[in-house]
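Look for chain A in each of the two complexes below; its partner is chain B in the first and chain C in the second.
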Partner chain A sequence: MASKSIVDFAKIKEDLSDLPKQIQVVDENAKIIDQDVFKSFSDDQLVEFMKKMVWERALHEQTMNFSRQGRMGFYAPTAGEEATEMGTVMAMEKQDYLLPAYRDIPQLIQHGATVTEAYWWSRGHVRGNEFSARALMPQIIIGAAYLETAGVAMGLKKNGEDAIAFTYTGDGGTSQGDSYEGMNFAGAYQLPALFIVQNNGYAISTPRKKQTAAVALTQKAIAAGIPSVQVDGMDILACYSVAKAAREYILAGNGPVMIETLTNRYGAHSSAGDDPSRYRTKEEQQPWLDRDPLIRMRKILTDKNLWSQEQEDKLVEEYKNSFKEAIKEADAVEPEKVSDMLKRTFEVPTPELKAEIAEFEEKESK
Partner chain B sequence: MAFKFKLPELGEGMAEGEVANWLVKEGDEIKEDDSLVEIQNDKSVSELPSPVSGKVQKIVAQEGDTVEIGDTLVVIDDGSADTDDDAEDTAANDTKESSAKDDNKSATAPAPATGSANKDYLAMPSVRQYARDKGIDLSQVAPSGKHGQITKADVDNFNVAAAPATNVAPAASVSEPAATPIAPYKSDTPELETREKMSMTRKVIAKAMSESKKITPHVTSFDEVEVSALMANRKKYKQIAADRGIKLTFLPYLVKAIVAVLKEFPEFNASIDSTTNEIVYKHYYNIGIATDTDHGLYVPNIKNADAKGLFEIAKEITENSQAAYDNKLSAASMRGGSITISNVGSIGGGWFTPVINQPEVAILGMGKIAKEPYVAEDGTIKVGNMLKLSMSYDHRLIDGALAQRALNKLNELLHDPDMLLMEG
Partner chain C sequence: MTKKSYIQAITDALDIMLKEDPKTLIFGEDVGKNGGVFRTTQGLQEKYGEDRVFDTPLAESGIMGLAIGLGLTGWRPIPEIQFMGFTFEAVDSIAGQMARMRFRFNGKKTSPITIRTPYGGGTHTAEMHSDNLENFFTGIPGLRVVMPSNPYDAKGLLISSIENNDPVLFLENLKLYRSVKDDIPDEKYTVPLDKANVVQEGNDITIVAYGAQVQEAQKAAEELAKDNISCEVIDLRTVSPIDTETIFKSIEKTHKVVIVQEAQKMAGVGAQVASAIAEDAILSLDAPVGRVAAPDSVYPFAQAEEVWIPRKAEIVEKVKEIINY
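Right after this comes the complex of A and B.
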């Protein structure tokens, strides 16, 4: 009967396909896009950004070697994600609470954990769950750190602390119910939480486009009433500046923020054995390698006479030596005991637990 | 005095790898993180760096050897004290298969299946599925993997007939050779022969082919068809295809014709689930093309060939074959096939008896097209272009008469390619 539809779904859908504006300070050719923001950084700061990225790349390379030598447990490669990881974490303060996922080990260390503690975590040693930083242990369940973040942020708010909770997930994580629930809760209670989505294009082997019909992951925050923004994840100055602005906005009592960083993982998903050449072509990846975050910073600093290849090589060697020291320290720890694990189950152990602890301590003493 | 570098677990569920290439030799001085060796597992190769600096004292695992996780690959003199498990390690290298070590392994394993109706065994989901497919009760299988894990090899080695009636399966009884063991190859003139380890891919092919012949009663029907009209058609469109960067061979025509045959004879687009005695009919048309490369045989399939035109199929055949050469085929591209075409015609030859690519139920062998005399419809003898076809099929599902009818259909389509327009 009705000749004209009551609603134009096609139009509504079309409106959903508008891409958000991607924030950039420096583009892939090291051209300054945002002069005002760029000028706000001192030379020392610029060098510091580069150093952190060189550190993370060296950490990745050395840890990858350790992994192939059979000296690591689980390890998720980070090469390619230096700008988004270092840029965002450098914008935080020590009192802020980090809830990392498994690819966020570099941020965890930057936030205060030691490399040795991170290696213990990889090996599943119980001491790898106690960090010198204000952080929970890296979450293995995809998207689940978003839930914890909402809880921790609630605590910070109730305590009236001058701190925020910040967390990471990947593009795949945004398809998990947990990530929405976490954001929704934080939105409902206007909690001091920063949700970062590191969109590296692949959830193990599932490409971003097959993950969701949403054209941008920033849209995932809209339903929770949270402001969101997309950032060039290969531009450390943009990642830092946006994260810093988000932190200030959140601390002012405005509720949570979500940031999507567009980045790329150069290697495999994890050391568990996926072979990226089976799901990703070289042609598809080359543009990302050309956009490498280290290349553009190196160019800017070299042009300003603040950086040299010799300096970088020396730094890499220094860093790698420090990681070799760290793994020696990790090796030296006493192997984990079952009783240690049981003792960490409850602050005040239940009678059954007490009996179990006694039983294992008895066995372990022999 | 020495550090033993053992094969680390390079991937989840990885049990073994093959030593592909040593990058150092005995006597070499190496530094920490220098590359030592390339290890191949399944289809990826990993380069392993050295955890220590020192001198390469002894290469324990040779190129081509299959090594398990924890086996010593190389001994490096780094000035450190010997590791405490020395004795066991050196012994293990020579007597990897010895039952003494197997016993030792299962004795220390935390949860070997011993109790009655004990479901407490360790096995990866893929192994559990594999055992289910083979109808083997895992609680009966003795584990040989790390931490008492049952591996796929344990399932393969499990001898159903030899299993005791009770649920108690001590390791020793199962690790004994199967009822009809294969005799080792012996020769009077070993000095005139050389031995070479089978590559990973070769082993996979060998196993798949033996399995197929074991599972399936093969029958092969032979036929030939006059294809002058088909050749003319190809000649006509070859250049047009080439202009679009497509190499048009006879294979795409055969793919198209087979799709039409499968549509009329669904028994050929099926698999048998022998655990439930069910015939599984496939409502998709993924036509496999056996692809020979210098590193082994692969069968990628053209997905949904019924929905594709000849040019598109031709293009995909070329792409798949290139991917096979480059070792870039995905596992998915080789799974879920309907039927396989094995084409030796480009090399030569006539009829042969192809082996079915499990779990499919038929395979079509394509010989070369040869000029031969034949009796035309009007009774005169002419020179024809004769294509030799050999079709092997699974006699559990397909009987001879049905196979011949299907072949007749195929002949009809290949003899008169215009029919492909009608039915393809």
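Right after this comes the complex of A and C.
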């Protein structure tokens, strides 16, 4: 039939393929794209951004080193993600509530957990979750943190607090239905929540393009009525500036925001035997390494005479020494007792638990 | 004292706790203006405002996530899942997140949440509205499962559940909602969690039941009394954990037991009771454990429901079989 169609789906689909504008302050060649934003930072602030990224890279290297020595449990490598992780968390305040995923240990530490606690978490000791930071332990179930973020944000709002809830997931995480439910609830109640999607291109081995037909993950927020923005995740000044603007907008009572940062994980999915060469070529990887967030910041600072390689080497050594101290402290902890684990199942133990507590207390006293 | 239905007793408990504790919140699908599809929350939004009693988007997982986050920020949530069959949508939130909170954070963070949801057969609903899913939830460390059998218990157990600082799955029987009425106190009272109740004393055999089956067991006991069989009827009230002490004490006297449940027979509450008896009280018995349960199919479509659900007749038959062993 050659009759004119009532609707042009091809055109609608084509309209959906418009890519969002990616926000940058400094590009991969260290060229300043947004002079106004760049000038708003003092020299000290610029140095601070660099220091945080150097700290995160050193944490990654030293922790992976511990991992190869068999001294860590589950740990997700973070090299390549320094700009998105440090940039976004530096825009938050201590009263904000962090709901991290497993690759967000560096943000958890910046938000107030100690490195020792992070190592306890990795090794599977409850002391790792007893940090004073206003945060949950890293979430393993993809999507769960997005749901709980809506709830925490509602609680903060009801308490009348000057605080937001912020959370992270990856590109794969946006496929999980719970991620949508969390954003949708936050939108429906106009809650103070910031949803950050760190799109590093792969969910273990599955590439971003296989996750969804959406051309940008920012589109995932549109259905929930939430403003979203795509940011160069290798540009810490952009990540920080956008997260800071989002926090202000959210705190003003405007409801939630979603940020997608475009980044790359240089290493494996986790310390548990993932081999990226099975699904990713070196050719594909190289452009990302060239866009490294530390390279461009180093160049900017060096040009301004604010940074030197000696200074950086000294810092790295200092940081790595602090991680060595942290793991020593982690080593010194008493192993967990099964009787203590049984005791923390309920506030008021059940009769069965009472019997099991007695049984294990006896076993463990020997 | 006022004569109240099971559903009115629940509304009463919610009203009292909203009034008494400013941190309590009720939310779920249609619980606000509509007062819930069964009118359990009728009038509460009007009385306490939309900040305390509010509707949610239609997403069970989201409702549970909301509850967890509110629990973490100082609130005492009482979310409703419209029908228990819909809890499947929220299993990670309940089992993977909420029930583990105290354990994960060594008590520094908790989930003081009471999830209310209706379940149970005999009302000819659409699929996934009547399933007895307690068997599925009783094996989750950190979660209590409470199943009241009458209006007095419903009010007292719900208040205890809300006051408890750990998550409770509070199961409301659909058939009992309007079919039973009791004189219950108007003021606040509690019925303890984790404790079974001897609803009828007897000497010849113990019948262990919970939820709507307690009423069936009592009807069966009445009929069996005509044949001079004296039944002791125990209402578990809380099905996770199970109060085995009360059961053991009873069978020490009666030496016989029949365990009744409306749910399918496999791997559930009745099996747990039987296993506890086998492990710790087998020498009290002089006959095998008798069990009355639904057969192990998927919950039937409405037409076959009355054949599938065990009722008084099946209990009478099983008790006679065990008595005559």
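Throughout what follows, the second predicted complex is superposed on the first by the 355 of 366 C-alpha atoms of A that agree within 3 Å, B and C clash if a C-alpha of one lies under 4 Å from a C-alpha of the other, contacts with A are read in each partner's own complex, and residues count from 1 in each chain.
The definition used in the following text is that contacts are C-beta pairs under 8 Å (C-beta built on N, C-alpha and C of every residue); 3 or more make two chains touch, one makes a residue touch a chain.
Everything numeric here is computed off the predicted structure, so don't read it as measured data.
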TODO: Kindly say whether there is room for both chain B and chain C on chain A in the superposition, answering fit or clash.
DONE: fit
- [ ] Go through the superposed model and pick first if A:G70 touches only chain B, second if only chain C, both, or neither.
- [x] first
- [ ] For A:S322, select first, second, both or neither according to whether it touches chain B, chain C, the two together, or no partner.
- [x] neither
- [ ] Considering only the touch criterion stated at the top, classify A:G273 as touching first (chain B), second (chain C), both, or neither.
- [x] first
TODO: Using the superposition on chain A described above, determine whether A:Q311 touches chain B (first), chain C (second), both, or neither.
DONE: neither
Open item on the list: Can you tell me whether chain B or chain C touches more residues on chain A?
Closed with: C
Open item on the list: Contacts for A:F346 in the overlay, against chain B (first) and chain C (second): which applies, first, second, both or neither?
Closed with: second
Open item on the list: After superposing on chain A, what angle in degrees do the C-alpha centres of chain B and chain C form at the C-alpha centre of chain A, to the nearest 10?
Closed with: 90
Task: Partner chain(s) touched by A:A150 [first = chain B, second = chain C, both, neither] - done: second
- [ ] Note down the smallest distance between any C-alpha of chain B and any C-alpha of chain C in the overlay, whole angstrom.
- [x] 15
Open item on the list: Considering only the contact definition stated at the top, list the common interface residues of chain A for chain B and chain C.
Closed with: none
TODO: State the interface residues of chain C toward chain A in the complex, per the touch definition above.
DONE: 51, 56-57, 59, 61-62, 64-75, 92-93, 96-97, 102-110, 141-142, 144, 164-166, 194, 241, 243-245
TODO: Sort out for me which residues of chain A touch chain C in the complex.
DONE: 97, 126, 129-130, 136-137, 141, 144, 146-156, 158-159, 165, 177-178, 181-182, 184-185, 188, 341, 344-348, 350-353
TODO: Could you please specify the touching residues of chain B with respect to chain A in the complex?
DONE: 5-14, 32-33, 41, 43-44, 46-51, 328, 330-331
TODO: Using the touch rule from the top, collect the residues of chain A that touch chain B in their complex.
DONE: 62, 65-71, 271-273, 275, 277-279, 324
